[in-house]
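Next come two complexes, and both contain chain A; in the first it sits with chain B, in the second with chain C.
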Partner chain A sequence: MAGVARSFGGVPAVRDVSLDLARGEILALLGPSGCGKSTLLRMVAGLEMPDRGAVFLDGEDITRLPPYRRPVNLMFQSYALFPHLTVAENVAFGLRQARRPPAEVEARVTEMLALVRMESFRQRRPAQLSGGQQQRVALARSLARSPKLLLLDEPMGALDRKLRAEMQFELAGILRRVGVTCMLVTHDPEEAMVMADRVALMRDGELAQVGTPAEVYDSPRDRFAAEFLGPVNLFGGTVVAGGGGGVLTVRVPDLGAEHPVPAPGPEQPGEGASVTVAIRPERLQLAAGDAAARGALAVEVAGRAFLGTHTVYRVRLPGGALATVQQPEDGSPPFEAGRPAYLTVDGAALRVLAD
Partner chain B sequence: MSTGSTAAWLRRVVLGVPYLWLAVFFLLPFLIVLKISLAEAIIAMPPYSAVVEWAGDRLRFTATLENFAFLLSDRLYGIAYLNSLRVAAVATFCALVIGYPMAYAIARAPAELRSVLLMLVVVPSWTSFLIRVYAWIGLLAGNGHINNLLTGLGLVAEPLQLLRTDFAVYVGIVYTYLPFMVLPLYTSIARLDWSLAEAALDLGATPWQCFRRVILPLTRGGILAGCLLVFIPATGEFVIPELLGGADTLMIGKVLWQEFFNNRDWPIASAVAIVLLTLLLVPIALFYRYQMPGSSSAAAGLLGAAAGGEARR
Partner chain C sequence: MSRRWQWLVLAGGLSFLWLPIVVLMVYSFNESRLVTVWAGFSTRWYGELFRDRQLIEAAWLSLRVAVLSASSALVLGTMAAVALTRYGPFRGRAVFGALLTAPLVMPEIITGLSLLLLFVALSPFVARGMLTLWIAHTTFATAYVTVVVATRLAEFDRTLEEAALDLGATPFRTFRDVTLPVIAPALLSAWLLAFTLSIDDLVISSFVTGPGASTLPIVIFSSVRLGVSPKVNALATLLVLAIVLGAVASWLAMRRASTRYRAVVVAGPK
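Right, the complex of A and B next:
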């Protein structure tokens, strides 16, 4: 889509978004509620008309096409299963609209229900199904017409936490098996990272950053991206030397050293500029002692929380600032609160944020 | 007395009130009408024979089915019933065709406009029913507003005979009962999950197919409730055919009135009422039978009220 925009009563919901999807790709539109991701999705489905811009599918302009003429299907957040129809009739709905011969409809319904492992529920009504089962039927229904593009609006939004984690893998598995191009909307970074090949982070109706989950998580472009994808430590720093090859040397007083850091973008901050430097908590490491020689910082443990797979520590840096450290749980004795420890920084994981 | 038994006693009273109400204001009058329908007409005060009487040492029942047999023997009654059902059915259909788009438009209107539009549907019924029917006389009469407009525009040479026709009766019934159609329809359309309609469009249904295959079946409860709320009172309608209809407009409500007040034959009139009630029980029973799960229970409640009101007429 190119330069798509839409406002409601003068309030812009989506402004000037341009985005491309490759065939067979799963793209997640990620963002906080109200960032315009659902509106964007609905414009692709044809349920909203953009004020400006155009939506293309296989090179064809579908901007003004009504939803029932688009080879695009949407899986609704509420699933929107027809309560007066059975599971099989729900899945057959789109096929019957397309006036496919009954035998073909029947075969396709069976195929789709087998795909989502719901064959034995053919004659049930949606109200007789659990949330997870309804989701499978909704998926089967939206895939039945073999859409060129499948849209998923908060696919896990109506499921409880435990089921959500299971279904993320299963749903992504089904989508990859079918090979359908997908655009899914979610506010949950974990869901986006589990399911999608690429993440498009949105904020205030605009794209904040687009990239693979690893790119967006490891190299956030700005503070919003850094904080939205997960916990992050932010420190103030000063550029000491603008380097060649897109590498800056930044002095970070809190971390007590100068670090070479990749530049955030084409416009590099000049020498002496203050910047924000980010590092994920799992890229910081605590050690009991002996590490001072390798450039570790002497810190004081301010608090800790045991979370099973890892332990999160709050540590006080020499300059007085607090940092969060995520230490994998490997059976070594924990660091007690109030005791000194040594912090090593994985310098390669530091990032300068564009502000 | 323990608090538990007090609560149970209170509960029984609260639950009992509606039953008591029904017994006193519905069952009792119904039994009285039933009793009169089994009596013979006599010239006395009251003008019917006693069905149950104390004959010295025992109760004596003298019930007769003469009146019901008479309804069967005179074709007039059969024609009047059929005509009433026909008029009510046609009027109900017209009200549905007019009321559905209205209810749909109100339900789809912006929230701040919705209550205003609903008020506009309801407000006319704040004026007396009788005045509103008289107003239609003024509109439909030979020298009424509609004819004056038509002749004034040169569309017709002579004023049309609008008043005192079946057409006028239909207009009156549809006009009077339209709110009873619109309100339950509005309720069921407003409760509809619009993502279902969007899902239908997304799956390739044109707006018309979406309406027919999704919206219409899902608002069936509202359609049924609205139709019965119009059909039941329209069947027994007396005032509208009397004021707007012609001499040949034969409706059972009018027959009932004539039997009571012109012929002073209370037993026959009561028998007419009992048969009417029995006829109306059929659609009500069908409604409860085929009521979709989740269809408006408020509508069912309204319906009960309408049926009760009808029985009191």
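Right, the complex of A and C next:
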């Protein structure tokens, strides 16, 4: 899709977005509510017309095609199952519209229901299904026509938390087995990372960053990306030397040392420029013993929260700033609040953010 | 207030509403020729009723007019409701809505009179009779159908239609295969309402009908002025039963549709 834009009543919802999907890829459009991700999805489905720009599928311009002529199917957040039809009739709906022969429709419906493990529910009505079952039927229905591109609008939005985690893996597994190219919309970074090959982070109708989940999580381009994907520590720093190979040497007073940090992009900040440096809490490590010889910082534990798999600490750095540390729970005794501890920084995980 | 009092008040209210009809139904089984004197149980007047050609013909006419006008009102009213709810805030939408539903509050006597004047003006082309009854009943029933169907369409989940379009259904097939079946119970309910309104209309019918085309209400009303025959009680009892059956059917249809709809769409999947 190239330079797609759409406004509602003069308020731009999507501005100038260009995005490519590889065949068989699962891409997640991730962003806070109102960032334009659903509008973008609906433009690809043909349910909204872009004001500007064009949508291409396999090199063919489908921008002006009505939704019923596009080889694209959408799984709705509410599933939008037809209440007056049975599960089998819902799945068959698209095939019947395409006037496929009845025997083929029957075979395809059986195949699709087997794929989502709903064979025994053929004759049920949507109202007689649980949320998770409805989701499976909706998936089977949108895959039945073998779309070239499958769109999923907040696929887990209507499920409760526990079911959500289960279904994320299952759904991603089915999508990979079918090999269909997918674009899904979500506001949940975890969901995007579990299900997608690539994440396209959106903000205010524009793409903020596109990359694999690891790229976007580990190397956020800016403060928005860093904070949206998960908890992060941000520190002020000064560029000491703009060394070669895209590596800057940055002095971070809060972390008490100079660190080599990869530059955020092609435009490197010059020497003496002040920058923001980010590090994820799990890349900071607390130790009880005096590890100062190895470059650890003496800090004071300000608070802690036990979360089962890990414990989150708030620690006061020598300069007085607070940092969040995520310590894996390995059975070692916890650090008590108000006590000193030693903090080591995984320098390789530091990132300079673009402003 | 004690429980005894609550029951008394309830009984009082209900008998105020229903006692006259119950009395009428009881007296339809009265042996006596005098409507107000009980002379033992009999179904004699039901037999007499079915031998009364004038009444039977009037009932047959009323039935045909009601079926025809309810059906045409259903088509017109549904189209109007779709226009009102689906075409966004088009120019003159409020005026269109007001004009459509005005017959709901328009005094019947005025509607009847104006239709009579219209049909008199058209008399060289349109003979007053069943056709004019059909047209007149369609005009007021359309307003009711529009209101019922528009209410249903307003709460209709548009994503169902989007899903149908997305699955390759043209707008026409989307309407036929998804919208219509989902709102079918509301359509049935609207049709039954229009049917009932037509069956028991007296005022407008007396204005627009012509010689030889007397509907049931007209025949009953004129026969009562000459003195009530117990036959009329029998007929009224049958009518009440028919209307109650129709109302219950319509209510069941609406309820079934709305629980099914709510379970899937409004409450959302759990």
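Everything below uses one rule, namely that the second predicted complex is superposed on the first by the 355 of 355 C-alpha atoms of A that agree within 3 Å, B and C clash if a C-alpha of one lies under 4 Å from a C-alpha of the other, contacts with A are read in each partner's own complex, and residues count from 1 in each chain.
Following the convention adopted for this analysis, contacts are C-beta pairs under 8 Å (C-beta built on N, C-alpha and C of every residue); 3 or more make two chains touch, one makes a residue touch a chain.
Bear in mind that the values here come from a model prediction, so they are computed numbers and not experimental data.
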(request) Could you classify chain B and chain C on chain A, in the superposed arrangement, as clash or fit? (result) clash
(request) Go through the superposed model and pick first if A:G59 touches only chain B, second if only chain C, both, or neither. (result) neither
(request) Could you tell me if A:G179 is touching chain B, chain C, both of them or neither one (first, second, both, neither)? (result) neither
(message) Tell me which touches more residues of chain A here: chain C or chain B.
(response) C
(request) May I ask you to decide whether A:G308 touches chain B, chain C, both, or neither, giving the answer as first, second, both or neither? (result) neither
(request) Please work out whether A:D160 is in contact with chain B alone, chain C alone, both, or neither, and reply first, second, both or neither. (result) second
(message) Applying the document's definition of touch, where does A:P333 land relative to chain B and chain C: first, second, both, or neither?
(response) neither
(request) With the two complexes superposed on chain A, say which partner A:Q135 touches: chain B (first), chain C (second), both, or neither. (result) second
(request) For A:P126, select first, second, both or neither according to whether it touches chain B, chain C, the two together, or no partner. (result) second
(message) Shared contact residues on chain A, chain B side and chain C side combined as an intersection?
(response) 45-47, 66-68, 72-74, 76, 78, 80-84, 93-94, 97-98, 141-142, 145
(message) Using the touch definition from the top, list the residues of chain A that touch chain B in their complex.
(response) 45-47, 66-68, 72-74, 76, 78, 80-84, 93-94, 97-98, 141-142, 145
(request) Using the touch rule from the top, collect the residues of chain A that touch chain C in their complex. (result) 45-47, 66-69, 72-74, 76, 78-84, 93-94, 97-98, 125-127, 129-131, 134-135, 141-142, 145, 158-160
(request) Name, in rising order, each residue of chain B that touches chain A in their complex. (result) 193, 195-196, 198-206, 209, 213-214, 217-218, 292, 294
(request) Would you tell me which residues of chain C are touching chain A in their complex? (result) 157, 159-160, 162-171, 173, 177-178, 181-182, 184, 260-261, 263-265, 268-270
